[in-house]
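Contents: one structure, followed by commentary.
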Amino acid sequence: MKYNILIGGQAGQGMDTISDVLEKHLKSRGLFVFSNKDYMSRVRGGHNFIQIRFGDEPVYSHYPELDLIIALDKNTIEFHRDRLKASGSIIADELIAYQNERVISLPITKATKEIGFYKAFGMVAAGAALKYFNISLEGVEKVLPKKFSDEIKTKNLDAIKKGYELLESRLSLSEGCTSNNILINGNTAIALGALAGGLSFYSAYPMTPATSIMTYLSKKQVEAGIVVEQVEDEISAINMAIGASYAGARAMTGSSGGGFSLMVEALGLAGITETPLVVVNSQRPGPATGLPTRTEQSDLSFMLTASHGEFPRMVIALRNPEDAFYQTFRALNLADKYQTVVMILTDQYLADYRMTIPKFKLDGLKIERYISGEEVLEEGEEYRRYKLTGNGISPRLIPGKVEGQIVLVDSDEHTEYSHITESAEVRNAMMEKRMKKLELMKEDIIEPEYFGVEKPEVVLIGWGSTYGPLKEAVEMLNNEGYRVGALSFGDIYPLPQKLLRKYAEEAKVLVNVEQNYTGQLAKLIMQETGIKMDKSILKYDGRQIDPKEIYNRVISEVL
Amino acid sequence: MKYNILIGGQAGQGMDTISDVLEKHLKSRGLFVFSNKDYMSRVRGGHNFIQIRFGDEPVYSHYPELDLIIALDKNTIEFHRDRLKASGSIIADELIAYQNERVISLPITKATKEIGFYKAFGMVAAGAALKYFNISLEGVEKVLPKKFSDEIKTKNLDAIKKGYELLESRLSLSEGCTSNNILINGNTAIALGALAGGLSFYSAYPMTPATSIMTYLSKKQVEAGIVVEQVEDEISAINMAIGASYAGARAMTGSSGGGFSLMVEALGLAGITETPLVVVNSQRPGPATGLPTRTEQSDLSFMLTASHGEFPRMVIALRNPEDAFYQTFRALNLADKYQTVVMILTDQYLADYRMTIPKFKLDGLKIERYISGEEVLEEGEEYRRYKLTGNGISPRLIPGKVEGQIVLVDSDEHTEYSHITESAEVRNAMMEKRMKKLELMKEDIIEPEYFGVEKPEVVLIGWGSTYGPLKEAVEMLNNEGYRVGALSFGDIYPLPQKLLRKYAEEAKVLVNVEQNYTGQLAKLIMQETGIKMDKSILKYDGRQIDPKEIYNRVISEVL
Amino acid sequence: MLDIKLYNTNDENAWCPGCGNFSILDALKCATAELEIRPEDLVVVSGIGQAAKTPHYIRANGFNGLHGRALPPAQGIKMVNKNLKVIVTSGDGDSYGEGGNHFIHAIRRNMDITHLVYDNQIYGLTKGQGSPTTALGQKTTMQFEGVIQNPLNPLALAIASGATFVARTFTGDREGMIKILKEAIMHKGYSLVDILQPCVSFNKVNTFKWYMDRVYSLDESYDPTNKVLAFQKALEFGDDGIPVGVIYREYNKPIFEELHPVIRDNENVIDRVWNPQDAEKFIEEFM
Amino acid sequence: MLDIKLYNTNDENAWCPGCGNFSILDALKCATAELEIRPEDLVVVSGIGQAAKTPHYIRANGFNGLHGRALPPAQGIKMVNKNLKVIVTSGDGDSYGEGGNHFIHAIRRNMDITHLVYDNQIYGLTKGQGSPTTALGQKTTMQFEGVIQNPLNPLALAIASGATFVARTFTGDREGMIKILKEAIMHKGYSLVDILQPCVSFNKVNTFKWYMDRVYSLDESYDPTNKVLAFQKALEFGDDGIPVGVIYREYNKPIFEELHPVIRDNENVIDRVWNPQDAEKFIEEFM
């Protein structure tokens, strides 16, 4: 069983806290939880909402049909009531006085007055919602925000209890027994993956929806012993990170499309100086400022070739918070291994949605730095940063670490010693040295994940954050007997081709499902393999596609 | 008949003047001339050279085999003597005292002493070279640099005459009768195309090899009555040009790869605000600083998708100075027509080589601004900058030009009135409005130029500045009976497909010939049409491929 | 004086209730109304941020561009049409952070544009990170141990860069603000007005009261034409007082529009009459 | 004192004969030799330009990055390894043009790095266009009617931005140059040395003689610790004289490395010992 709650109101009405308490409590009751936010680009007012899905089976995505709406204002009812299931209800304060048979009008404001704490409004509503689903309140005191004082906590607890008494349960769910789960969003998972991966330097400039990566890292900088620097602009962010990396740090930077656009010159700097660097682009709808708080997957084509000139790069799209953690960890290793740029693509949807996932396992993980010391030098040998080796990768020393040796890097074409050259032969050798890495990388590439029936007629092809919606959509289609499967790409460049070719041969219809206008993965696939999509399901309105929409569009446009 | 001269020496030795005088005089004698420079990234010293090809039939390209070397230093002989034809010679000062049977040792320094003007060295050499080819001196006084005083002119003329007497003619050429030709390089042709096209604003930051576009425009700004502004950085350059364009100017900016990289965020600004803009990228080898004074075609993939998000753009590659003029003119019209970005791709080779071409014809040319006035408004109607029209193009007013009406543009997603919106419906409508233009553009797209035999077995596919080398190579191959042709692309995006598909069907072997490592046009063709190249001829050492090299590689690698 | 309603738009305002920006918007409309600048003769140019939303809330020509990039288009506009009044409305992050380079170079150009910085000493729109003017030690939503970069002093910087009109005003002083905005707009050349603007949502240090307790108006006795003294005055910021008023003013420095041979001697380039054939003379030189 | 030959490289020098850069290179080597900074403990960081080629001509760790972007990597390096001496060698275009924003913000950070600007008042490498410090009215290979942007005053700007060591020196004064470079390198915090460097190829106005005729050394009587006077002194530039020496100096302002809790209290982050399992505590919080 899965249920779906929507909490709606204006920016500044405290929806985040209601949602936080509900999600954590549901999780602590052993349930799976998935929540996502729909925010406008403003600090107060407007209309925002949060959706929480939960159940006793895994939840991978948001979903349009609602079981309960918690309406903090009238607009919420107006905007969302059509999405209620037949059995669904709306909880609203009696003062909103909305005439509709679905509305359960509750004396919420009155309850806050009784407690003598008007800010408790949200907690009364939360209590009511828990009762609605017949979720026990046991342990709810533990999920109240830590920043609350004891007094406030008590008042909030009272409020939840009061809310719990305001109505009867309408639905019910056997409580779950998952226990080793964490509740986390994509950006925090990136930050944690980086922390686990030994990140020691992060420089960035605030930009929604990438900011929260820096915020989390900044909060932990002292405890983790790393340097997190907010800089004057994104150009500084990436150049500073490259400097730090050159000096031996594990360095990363991140932004959203606009900030990423400003970084592209320096991608080539990392490329030609062969400096390891991880860059995160948390996408939002463009072009330019676009829709700053919404989601899109429209920077993929751009990232594949961003920056003038040619150099090897890897592009990894994150599919869910689990991926976010492990792939960020891996990206740091790969950047060091290949001494070049590894780009991580995520988007606002994945950045901000929270879900319960198994706690990250640190045991198998290993930090691999590929940093050399004097052992790579013969007696009396002068270090060559760009020594031509068989595989294109030169031993990397860290400045100041090897007595008598200096480390010089250069953005011009250079000799093995890193001095500027105009020799055609050296140029060719250096281009080939660098580009060879692209071939090596192919060995590290991970195939996309396939799910669905074994011999599919239709294969949906997606990447990144559509993973969850695709997964649920395929399940729905399979349940109804449709022979559908999906390939969800994480590693994108170099493009993994094995499964793609296999399913392209087996299936009758290939359909790319992307959150953009031009079908960017489809273009890449065509370019690299000649495999052409038969249909496209594209969406570019800034809202994440949901399983139902995929399901509907597959049925109406594909099958 | 075609001959080929090389003038070599160190930066600062005045090779430019020698070459200038020779080229202009050859042209004035009715000959076709083609000259290109090979310069190092330094102001003095090093080794630089210039090659001049000329003849009584059109010359499209530089060529490796030399008839004459004018050596201003020893290195020049060392570096280039192997390229001399069997019949070739080297002119050098007797003081260089180089022992080699090819060297015609001349008392050049001595001659300058006689004239009493040591700077006349180059002119003595020029005179000798003219004599070598038996070119009459008639009219040579007219081609001396205008900036010279009369006195200096006289001395230089003396020097040329002295040089002319130092040796006997070895080769001879019937003088030509072309008369309506101009001698011009690619960047100047871009600047002239822009001037003819009504450019009124150019903002840029110096960057080789794009700088000379700005230099020429700046020199003419007063006479032409336009504004040319050197700005603090490339970000300012493009944003300022967009501002000027918004205000009604015909605006353009230009840079090389690194500076272009810094402009990419603002490409999206032009895209979403629907502001006409022409951006020139004069490519040099990357990544990062790369080889600043050399050539490459490695920014094509990048430019196709540069900037986050999606918006319509056109990409036009220039093939030769004639193209440079007419296409720049056309680009300005197209930018206004589609109210978006038109990108012009050139490279160091084309930027700097000079050739004789028919004088630009201005008569058929028309400036089309697509700017509206109050006639597009109903009585009492408030102007909507982003009015949804059938074809995606909204009438454009200029701020301050229509009484009572204001013009508002916005980098966020916006309503017809240009106010910020978060509506999914409006977002969809605006995306579709903008992207529709891509379809419209296809009507304006010009097919690539085909040359070679009628039913080719092998079709070479190139773009931009390889035009000349391809043309001569195909001629050479055809002369030897090989059934080879070439398609040279000018318009690149949207990709013209008619001829491509025709020749892909007819020919057995398709070969992309590109100055980059990854085969960027081939990738685009594959992506857009599924047509795959059978072979690739790629070059990325910073030197332009020449007809002989193409010829050789076609024979050894393709046929 | 024009009717202030001329400048009203029906775009819904997205600023927080109580935000200092409302006062600035009001003062700006008053200033333009009093100066009788018609909406079609005015261009309000901005980057991205809360301040930068201004073009949507005042009916005038408007260019709402990229974060940090308000000044380049503003100058581009003015270069091709000097008849337009160009006012830049931008935040401290927009102007002094992302846009810092354009700031110092716009001053070098000294064009006749007015640059208003809604200085709330914080990044408002992105929710409270430290900005270039956030105080040393202040804790923010990003600087959990407090800011350790020394705050930038925009007025001192502007004076050092050669600006000819450098002023500070405060949203709590409506009359003073209108007066300064009018002077700035009337000033020939680049004018900077740094406006102390409390962000009620994210800056809990530099509140309305905090400013109110510290600001004092420069009176007649202060001579804003002495550059060195002005620099000294510009350095004053903090518990000992924050001067508001015109800190520095230089008369008669030639402006870009007067120095540029084409802009000076011609009609606006957008009105230039030009045919392709007019380029013939340039082409001739290559014969 | 170390052997100056330690810093020699065998990379062929591409500067023009007679260029002022040679003197700077020589002085820089002398300064580091005298201060006994071993090549492996030094990092020379640059952007692109003639000045920016320096890392190739001095044997030390070197980072030759992008045009205008010398300061960000320099700071990144220092943030993760405070043991390294970091010296930035850059041009006027590199530092004040393309890199202007990093300039003012690097000063705000006040890290212990030395910023040398080889100020030839021109773009050398790209062949003579006006730079941010080119004089008003000067004709260049780009500004045919003369520069109309007011020149930027780097020293005034640095002082206004809060720099604690601001000096000017001249390539014609070898001893003075070495002395100032040493002081700048030893100064705790960000130090700017603007070096008057004649470009023999492209700046025919600000020649060696032009500078020689105008520069004068600040003597004992000048007090560089008074910020307002220093600002006034910084404004002096032209026919009435060009002061060389330390224009402004502030002692004891805390530097970034002392204020940053991690850099201050820990070994360099590049030497941190860390295992993935150390992240367990952070993950626990999400249980």
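Going by the order they are written in, the chains are A, B, C and D; count residues from 1 in each one.
Here is the rule we use: a residue touches a chain if its C-beta (ideal position, glycine included) is under 8 Å from a C-beta of that chain, and two chains touch if they have at least 3 such contacts.
Just so it is clear, the model here is predicted, and its values are computed rather than measured.
Chain centres here are C-alpha means, and the one lying farthest from subunit C is B. Interface comparison, A-C versus A-D: the pair with the greater number of contacting C-beta pairs is A-D. Once the centre of each chain is set as its mean CA position, subunit A and subunit C turn out to be 37 Å apart. One simple way to say how far apart two chains are is to compare their mean CA positions; for subunit A and subunit D this gives 40 Å.
Subunit D has its Cα centroid 30 Å from the Cα centroid of subunit C. Each chain gets a centre from the mean of its Cα atoms; for subunit A and subunit B, those two points are 43 Å apart. Residue positions 40-41, 46, 221-222, 232-233, 235, 258, 265-266, 269, 273, 288-289, 410-412, 420 of subunit A each touch two or more of the other chains. Counting only residues that touch two or more partner chains, subunit C has 14, 48, 66, 97-98, 100-101, 104-105, 132, 145, 260-261. In the complex of the two chains, the subunit B residues touching subunit D come out as 12, 40-46, 205-208, 211, 214-215, 218-219, 221-222, 230, 232-233, 258, 288-289.
Against subunit A, in their complex, subunit C makes its touches with residues 14-17, 48, 50, 66-68, 97-98, 100, 123-127, 129-130, 132, 141-145, 201-202. Listing the residues of subunit B that touch subunit C in their complex gives 180-184, 188, 192, 195-198, 200-201, 203, 220-227, 229, 231-233, 235-249, 251, 265-266, 269, 273, 329, 359-360, 362-363, 365-367, 398-400, 402-412, 417-420.
Within the complex formed with subunit C, the subunit D residues making contact are 97-101, 104-105, 107-110, 132, 145, 148-153, 156-157, 159-162, 227-228, 231-232, 234-235, 256, 259-261.
Contacts from subunit B toward subunit A in the complex involve residues 40-41, 235, 256-258, 260-262, 264-265, 267-269, 271-273, 281, 283, 285-294, 296, 298-299, 301-302, 304-311, 410-413, 420, 422, 424-425, 427-428, 431, 435, 516-518, 523-524, 526-527, 530, 532, 540-543.
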